[in-house]
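Read from first to last, the chains carry the letters A, B, C and D; within each, the first residue is number 1.
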Amino acid sequence: MAAIALKRVSKVYPTGQTAVRDLTLEIVNGELLVLLGPSGSGKSTVLRLIAGLETPTSGQVLIDGRDVTLVPPPRRDLAMVFQSYALYPHKSVRENLAFGLRVRGVDAARVDARVRETATALDIEALLERRPAQLSGGQRQRVALGRAIVREPKAFLFDEPLSNLDPTLRAGTRTELALLHRRLATTMVYVTHDQEEAMTLGTRVAVMRAGAIEQVAPALEVFRRPANTFVARFIGSPAMNLWACTCARVGDGRHLVSPAFSIDLTGIDVAVPDGAGVYVGVRPHDIDIVPNGEGNGAGGVEIVEPLGPVTVVHLRVGGLGDDFVRVVVPADSRIEVGDRVTFRVRPDRLHVFDARTGQRVIDQHGR
Amino acid sequence: MAAIALKRVSKVYPTGQTAVRDLTLEIVNGELLVLLGPSGSGKSTVLRLIAGLETPTSGQVLIDGRDVTLVPPPRRDLAMVFQSYALYPHKSVRENLAFGLRVRGVDAARVDARVRETATALDIEALLERRPAQLSGGQRQRVALGRAIVREPKAFLFDEPLSNLDPTLRAGTRTELALLHRRLATTMVYVTHDQEEAMTLGTRVAVMRAGAIEQVAPALEVFRRPANTFVARFIGSPAMNLWACTCARVGDGRHLVSPAFSIDLTGIDVAVPDGAGVYVGVRPHDIDIVPNGEGNGAGGVEIVEPLGPVTVVHLRVGGLGDDFVRVVVPADSRIEVGDRVTFRVRPDRLHVFDARTGQRVIDQHGR
Amino acid sequence: MRARGWALVTALLVVAILFPLYWAVIASFTPDSRLFASPSLVPRALVLDHYRALFGGRDFWTPVRNSLVVAGATTVLSVGLGGICAYALARLRFRGKAPVLAFVLAVSMFPQMSIVSPLYLLLRELRLLNTYPGLVLPYLTFAMPLTIWLLVGFFRQLPPELEEAGLMDGAGRLRTLWEIVLPLSWPGLATSAILTFLYSWNEFLFALSFTLGPERYTVPVAITLFRGQYQVPWGQILAAAVVATVPVAAIVLVAERRIVAGLTSGAVKG
Amino acid sequence: MRARGWALVTALLVVAILFPLYWAVIASFTPDSRLFASPSLVPRALVLDHYRALFGGRDFWTPVRNSLVVAGATTVLSVGLGGICAYALARLRFRGKAPVLAFVLAVSMFPQMSIVSPLYLLLRELRLLNTYPGLVLPYLTFAMPLTIWLLVGFFRQLPPELEEAGLMDGAGRLRTLWEIVLPLSWPGLATSAILTFLYSWNEFLFALSFTLGPERYTVPVAITLFRGQYQVPWGQILAAAVVATVPVAAIVLVAERRIVAGLTSGAVKG
């Protein structure tokens, strides 16, 4: 159990590359915080700074309020699950699990009991005498997890622990991790580049880009109210549609106007001055295909991607250049490549971002 | 343009490991066939057998009706995009693209024109003088694609071409591949372990397990009418619920009865004899949370996974052991961990499989 | 067909390479009288005459002991010191690492011949001529750079996450080195050790130059000095050569499997 | 602090290792009269006397030419034949590959000393004593196994997909070897070549045993025979050593960067 805090931490490598810049983050005792970002966004570096495997160039790392910036990893009492698992190849599974306890001078009987207990919980008792090389990918993942759990550390650090698993195994393991977090109620920091993993696992999600945090919020909040265009594009699958628009007065009402379509803002509280340039975002789930004449715009169907329960349709709309309008339709809609369809944006589901800063500007949209 | 056929092909490695067993597959001219399966299912071996990089232990490989089983790869005129891209690290992007043409003795002016043309189509003109090491992952992927396209081969072979990309890039590249296939209308064989990729890209999907094909069908068909429990479990996310049941006569009607619940089959045409053991499959999208008393069963909420537009709820149901009942609910349902809820299976969306063979037994379910 | 052809070529090559050794072993058991008679692949009679003369007539144990001491000390020091140095070089990040490594390797490549003389002067100055350290130190000069170079490459292949896992498990630097790094480095250490041992076991030039009497001669020097003014005792020379070869070759062959397996199969992947 | 400490240790070590060489170079420019006077780090006067004597008084060009011919031929043959063999071994799948490799390496480790005599007999039989092939063939026996072993490891690191990509692009085996494999193998080939060249350039024992007159002496033999009955011309010996060292060392230093970069950085990843 531990609260972890990073205070204005920066990490610049000797090569001059800045991995983390002036980052402040508080991780609450018992939460599972996900660090989410594309490769090179510095999320793994943040994890390694918390672990003590990297020393910040400036700033502080605190665990339970204590400054541990210069405390070496062995004395931080955190456990880490590596992306490559990093099992000791020359030790049996039992020895892999026991090592962390032995190092701490726990007596042999207690070590044995803890190892047995952990192995039972993870269903790897039958593997205890094997070497890592004799295990399948999923089994190695479990052993790596076991090696972390067995020690009952203050907090767990996960570095993309599922990325080397088959998709089928991944879903199951994700569920187990969620249960594990519930059972142990220990602080966990979890690095991933998979937005679905982040959404489903995280108590809160911190979205990173270029060494800085773009938004920290509960998973659904990040999905529903992305703080800027980067987060908007990164979270959600299929990705949010984003269009450059201007806010204009047309007749009585105000409209968001783009070369491709126009959205009537009547009855919607938008705090954007007339003539301002904005990015308008709409999730593919929040666009409907409607009969001719009822929509905001129209386009030709270029790609139809069946996902099973729903289908994603990519529309080529004049004026948007190479950008498609992505629309999610029910799987039974009979839309085919080459069709011309009319679409309607649900006006209460708009995300509006400042065109210059990329920051969110309006805050309706309740769901 | 080519039709490719495998006739009773087997591949046994000298170690005795059987990678492909007695596999027959016809790939129609111009289609994009996806080979989908978990790691070790032999899908890459099939691709390499088509490419000529492996020689079958028995059986025939035919291209356009011609037996090419013993024809070496350079004379098959197929292009392959490798998972690792396998760009020539000592050659510039231009030379990487030109190599396949130069080898064929195409004259320099024509080579140059084709390279330029391809680079323009893939938007990599600016990279032509760089070395692969100077490119980002996404750029390398494009160059690998370009090297395949530039030659205008008879067919393209893709070996998990997106697996080394970030999720964000992956979606965009997937779309481009779909457009590419439409534009070129060339036969493509595409290996992946990602069921979403398979569903969205494939004209048809061949699901493989342990060196054999379990089902070949159009993507939606595989999703809607999986041929057996393996395919049922592998396709669709979240995975299908599968329960062992017996078909029993209760009062007037027939019911599918499991320790956890009972489903009334009245009005549904199920060709299962009374008392037979079956596996009943229901997709999480085809279960609804209903008010008390209206459902087939009930359970406690263990995990709530918000995906954004929808939320996946895992229910612990007595009698199912460690297996959860997965239910997809709208994102705005206020279900929390610890709640007790009643669920109802849509009886017209059942998949029924023989308990012994695992093969599908009933064929209603229209959607 | 193709594979068979290559296997045949490989087999022939191995036989060709091994042939001189085979001949030497056979000849060492052949009486002097028949040594220069028509050579035959299968010997007619084997005698131990030469071996008896070697350990009975001459004191061949002394050079063997000298060689063992010198080669053993060189090996231990070279692998020990060089290993620590290589570990530091492999893990530290500092500018100019590549040139330092290049330099180090270049040093181990300098012709030994060219520094016999200055080393002689230096050792005389230090009063180390005709002592064990007087051989071990020059050997280290040549063996250690190669050891460092080999081991830097080897340590670099070790995934750093394994050590990081050790640190996260609560083990200090030293314990991690001892329990994680060393066991995994065994193939690299063994290879370096064997190469160093063989180099010092067979080295001739320094041994000839820096030893002054039979009490410090190493095996190669002793063998060379078997030659008399007018007569060369071929049989004894061959027997001595076999004595100097066989134990070392045996060790290499036994250790080989693990070394090759370790160095080439990327066995470190967890 | 820690990093600095290690850097210092490394620097000291490098200096220590290089010191004898430095001394040799300086001494070769020092007049005989002052050679054994108080040694000083910075020389007071440099003279070319010894070098003049070397090329004027003695015919030192002949041994240099002999060494170049022998080492060059050995290198070309060893890397050429060994490279083909290693490529076959790296790419072929056959049972017993590991033992074959182990055997091959073990061979290159056999003490040279131990087969001087049988080789002498063999070469005499073949009338190859005091000829260039009479040195090149024995050198190959020792250099080729090491080359094969080094290159098998190197070729194995080359991702097979690169060759497969070549095949898919329509290039035949030979074209793929020439356009894809060879350019990528240059660091490995260069390393093997340099190691082989240096081995044959500096080899002393075989050169002494299998050459019979000054017209075939190699550099190390020639240097050794400078020693007269009563007087050792230290200055000339050192000058000769420098002549034998400097060109080779220069090549190594220049080539080093690319070799180290190629061998250690996994530059092959596409």
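Convention: a residue touches a chain if its C-beta (ideal position, glycine included) is under 8 Å from a C-beta of that chain, and two chains touch if they have at least 3 such contacts.
Note that the structure is a prediction, hence the values are computed from the model and not measured.
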**Study point:** chain A to chain D, fewest steps along touching chains
**Key:** 2
Review point. Which two chains does the highest number of contacting C-beta pairs join?
Key: C-D
Study note, to complete from the structure: When centres are defined as mean Cα positions, the distance from chain A to chain B in whole Å is 24
Practice item. List the centre-to-centre spacing of chain C and chain D in whole Å, with centres computed as mean CA coordinates. Key: 17
Practice item. Could you put a whole-Å number on the gap between the CA centroids of chain B and chain D? Key: 55
Point to revise | Residue list for chain A, restricted to those that touch at least two other chains | key: none
Point to revise | Residue numbers of chain D (touch at least two other chains) | key: 93
Check your understanding: Graph of touching chains, which shape: line, ring, star, complete, other?
Key -> ring
Practice item. State which pairs of chains touch, listing all of them. Key: A-B, A-C, B-D, C-D
Exercise for review: Could you please specify the touching residues of chain B with respect to chain D in the complex?
Suggested key: 14, 51-53, 72-75, 77-80, 82, 84-90, 99-100, 103-104, 132-133, 140, 147, 151
Revision key, fill the gap. Note: in the complex, chain D contacts chain C through residues 3, 6-7, 9-10, 13-14, 17-18, 20-21, 23-24, 27, 36, 39, 85, 88-89, 92-94, 98-107, 109-119, 121-122, 125, 141, 144-145, 152-153, 156, 194-195, 198, 201-202, 204-205, 219-220, 223, 234, 237-238, 241-242, 244-245, 248-249, 252-253, 256-257, 259-261, 263-264
Review point. Once bound in the complex, which stretches of chain D touch chain B?
Key: 93, 95, 159, 161-162, 164-172, 175, 179-180, 183-184, 267-270
Point to revise | In the complex with chain A, residue positions of chain B that touch it | key: 38-39, 137, 166-168, 171, 175, 178-179, 182, 193-196, 199-201, 219-220, 223, 233-239, 283, 285, 302-303, 305-309, 312, 314, 324, 328, 331-332, 337, 367
